[in-house]
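This structure is in structure tokens; I'll ask about it shortly.
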Amino acid sequence: MAGFVTDMGGNIVEAEQHTDTHDGMFFQRVEFTTDAVTVADDELGGCFAPVAERFAMDAQLRFTEWRPRTAILVSKPPHCLADLLARAHTGELDIDVGQVIANQPDNESLARVFGVPFHHMPVEDGDRAAQEAAVDERLAADGTELVVLARYMLILSPWFVDRWAGRLINIHHSFLPAFVGASPYRQAHDRGVKVIGATAHYVTAGLDEGPIIEQDVTRVSHRDDVATLTRRGRDLEVIVLARALRAHLSHRILVWGNRTIVFGS
Amino acid sequence: MAGFVTDMGGNIVEAEQHTDTHDGMFFQRVEFTTDAVTVADDELGGCFAPVAERFAMDAQLRFTEWRPRTAILVSKPPHCLADLLARAHTGELDIDVGQVIANQPDNESLARVFGVPFHHMPVEDGDRAAQEAAVDERLAADGTELVVLARYMLILSPWFVDRWAGRLINIHHSFLPAFVGASPYRQAHDRGVKVIGATAHYVTAGLDEGPIIEQDVTRVSHRDDVATLTRRGRDLEVIVLARALRAHLSHRILVWGNRTIVFGS
Amino acid sequence: MAGFVTDMGGNIVEAEQHTDTHDGMFFQRVEFTTDAVTVADDELGGCFAPVAERFAMDAQLRFTEWRPRTAILVSKPPHCLADLLARAHTGELDIDVGQVIANQPDNESLARVFGVPFHHMPVEDGDRAAQEAAVDERLAADGTELVVLARYMLILSPWFVDRWAGRLINIHHSFLPAFVGASPYRQAHDRGVKVIGATAHYVTAGLDEGPIIEQDVTRVSHRDDVATLTRRGRDLEVIVLARALRAHLSHRILVWGNRTIVFGS
Amino acid sequence: MAGFVTDMGGNIVEAEQHTDTHDGMFFQRVEFTTDAVTVADDELGGCFAPVAERFAMDAQLRFTEWRPRTAILVSKPPHCLADLLARAHTGELDIDVGQVIANQPDNESLARVFGVPFHHMPVEDGDRAAQEAAVDERLAADGTELVVLARYMLILSPWFVDRWAGRLINIHHSFLPAFVGASPYRQAHDRGVKVIGATAHYVTAGLDEGPIIEQDVTRVSHRDDVATLTRRGRDLEVIVLARALRAHLSHRILVWGNRTIVFGS
């Protein structure tokens, strides 16, 4: 890998590898400059193909300037949406938010504040399939490259999840695998746990079962009722989602089975 | 309560209360000096009975000099046992360790180092009931007031758990309710979590379902294989168990349903 | 206290106390409903005066519906400002942001997004005193009740600090008392620490020496250069400042000497 | 490096590198098997010399089976000593504890429990120099390879520190650089911090200024007086010291200026 980069005129900025001895796999991320690389960006992948073949590598080439067209899906709670929009506005997160899609009307003014189109797309007459198809269409129409479920409370169908696989990130308000599904803070309270958490993960067909990107927790006590857990958890959700997105945006995540390698973490 | 203490000649050292608005319950812990109290220690409870009755309180009187006769049950891993014996030796934990009971022979020398009797009580011919009955007998014979499961890998029968209810504390090597049962570090690795944890709880009939006393977690990454998780988890287990015991020993824990109020936390 | 509340027709919602045995002080916070209280809000304090006098209490009466007129002072970094404005917008923080005052022009568009007046008040010709006097005047003119230094990089004069004492909250980007003053992330990197932190505190005349309201930290490693520390620290600063403000807004903080009692924490 | 290992018949088990772009330095740790290496262990370094020279590397060769002869220096508090002895006993820490040296008599029985020689070496007639020289002599006589200051409260002279440079590890009971010197928990209480910490570091001539190996913290509140901070801090000290020693024992630490690179962390 190092030889290839040097030969092309690149300069390695950062390199990290990981060996999974259990599965006998080797993972590597190499970031290099392309200023002095003479071949065109879109030819670089082709140049690497022989190297990848020689070592039976599964290789991907990505560019660091990437600023993906992003859609944020949300229900009622505004905190993750507000945080993402603020981070996108200040440049803290390098995403181009094309639209906010919501099955509830509540967050319209928040999206408008940041000048982002807001589409209220409720489930009508209980027809979830129709709503989902409409959402999918709208995502496609906007050239969406990344979908963030920022407290979107509808469960997505397998076909939808497959179509957006690897580009669909959810924030769940518990330290998974504890408290899958609805009302995790209520579940946490009833179980009497002394820590609560949040988990950002790629969405797969199994509910809250996709590869975990990032988790964090905070201590709680018997003094914290469900409302307090919910309020304290909001800060966790926001931070965990932002960290996960940052790792995704800088191409630091490799998914292997149901696990992630997050380089630089 | 304050009036009663003053009337008896006591002086409140520490008082904490907790209101559970959801269940409409009020919990209180009042710690007071008895130097100037004129009635005998064993009459104090009787003096309080009318007050308790008047306010329909469920009241318990405990003394702070308590140093319970303790049995430690263990299987192979030595770290929790070693830590408890060291803390008992230095006075950090106020327990009088009467015996170590193990279903495996490994930790005999460790117990001997600290001059504590070690009883190897394996399950023979698969007869768990017999072993459990023998353990129970030995506990009773030693005047045991507290049983600590310091990585004891046998599941206890409901009758045993009932008999030692409120006096039986377990350390489980996961942040419950995640990863109940065997090999939680293996489970954690396979799920790809980014934090691991440990949980100390009172044992009840449901496996790993008793009231949680204390939990803590530590961050992990893709670099940590099962062996590393296990090693890093050991420090967590030790600390979480010690904190839980300290709270129990200082009568700071009230159990309410499947939850604990831990005063001073 | 309980007697007084009951006599007035109030109902205690939450009560917490703290005894500082070292200083021989007793601190208490009692929150009660006033729906059934018959005297007017502004007469309630007067009714309590005899009780306070009898027990030589230093007492303050505050109302929970408080939504203080707030000014945010900022220099270049936008993250704390963005977060506060977003939280104020969603109602997560109960503040009425009257204006943003900045000695740098950078955050004008951010304030405008949220419809908050932005005043660029740079130090001109090195005349800090003049700038400070102008800021003070503008704060007063707006009926300001709370001033938040959301990464405001100018040191304030003692007279200014005195005038806004108890109403002036700063976020400092280190775990104080480590790394007082400028460039704490640079200082942290040079010292080679393995954790970085953030501290929210009331401002007093001594630089970064006021009573600490809230602190938190995050682990770092040799891999984190100053830029990475700075980026990771931003999330800490935001959360720590928000938690401190929440405690202040709900009247949970008592200042005693250079320390704070934060009830409910 | 990889080429050299392969040529010698070794197999790389683990490799990690770190680039310090600020200082223009490259650091690398490569762990490899030597089963199939044909040259003798003590010739391996010589074989590598030409490679090191060619790339102007500063290289060190260490063996993983290392179990250094260790001396533990301690004053009164027993918790770190007890923990180290227990970990050495169970094999959790791969050290061969040759002796415990103490300027106070308190911990003699604890050392005896584990069968480790205990030398009470107090400062007599205020002659610190004499005591220090005697300690040094005793360390040398025992073939000491590692000295652990497990709450040893005497400040060591520069000559002593120089002599044991890189082999002298201290646990300090604060998150350095905060609260250097005596009574850090008292200092922490007086400053009103909301987190306390512990720091393990290599000892250098400047008091508490050596390269930090490991730090950790725990949250505290106004409820914690100095005694409680001290008790809660003990668990931190024990864990932080153990983690630092583990990194040292597995040759994972490189010191660069006043900072450490801790591979695998």
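In order of appearance the chains are A, B, C and D, and numbering begins at 1 in each one.
Just so we're on the same page, contacts are C-beta pairs under 8 Å (C-beta built on N, C-alpha and C of every residue); 3 or more make two chains touch, one makes a residue touch a chain.
Source: prediction; values computed, not measured.
Peer 1: Look at both sides of the subunit A and subunit B contact and report whether the same residue positions are involved, with over half shared, or different ones.
Peer 2: same
Peer 1: So which has more C-beta pairs touching, C-D or A-D?
Peer 2: C-D is joined by more C-beta pairs in contact.
Peer 1: Subunit A to subunit C: how many Å between their CA centres?
Peer 2: Roughly 33 Å, centre to centre.
Peer 1: Counting in whole Å, what is the centre-to-centre distance of subunit C and subunit D, each centre being its mean C-alpha position?
Peer 2: Those two chain centres are 40 Å apart.
Peer 1: Could you list which residues of subunit B touch at least two other chains?
Peer 2: Each of 219, 223 in subunit B touches at least two other chains.
Peer 1: Show me the residue ranges of subunit D that touch subunit A in the complex, using the header's touch definition.
Peer 2: Per the stated touch rule, the residues are 14-15, 17, 19, 219.
Peer 1: Mind pulling up the subunit B residues that touch subunit A in the complex?
Peer 2: 18, 20-22, 175-179, 190-195, 197, 211-217, 219, 221-223, 225-226, 258-262, 265
Peer 1: Which residues of subunit C touch subunit A once you look at their complex with the stated criterion?
Peer 2: That would be residues 78-79, 82-83, 85-87, 89-90, 92, 110, 113-115, 223, 234-235, 239, 242-243, 264 of subunit C.
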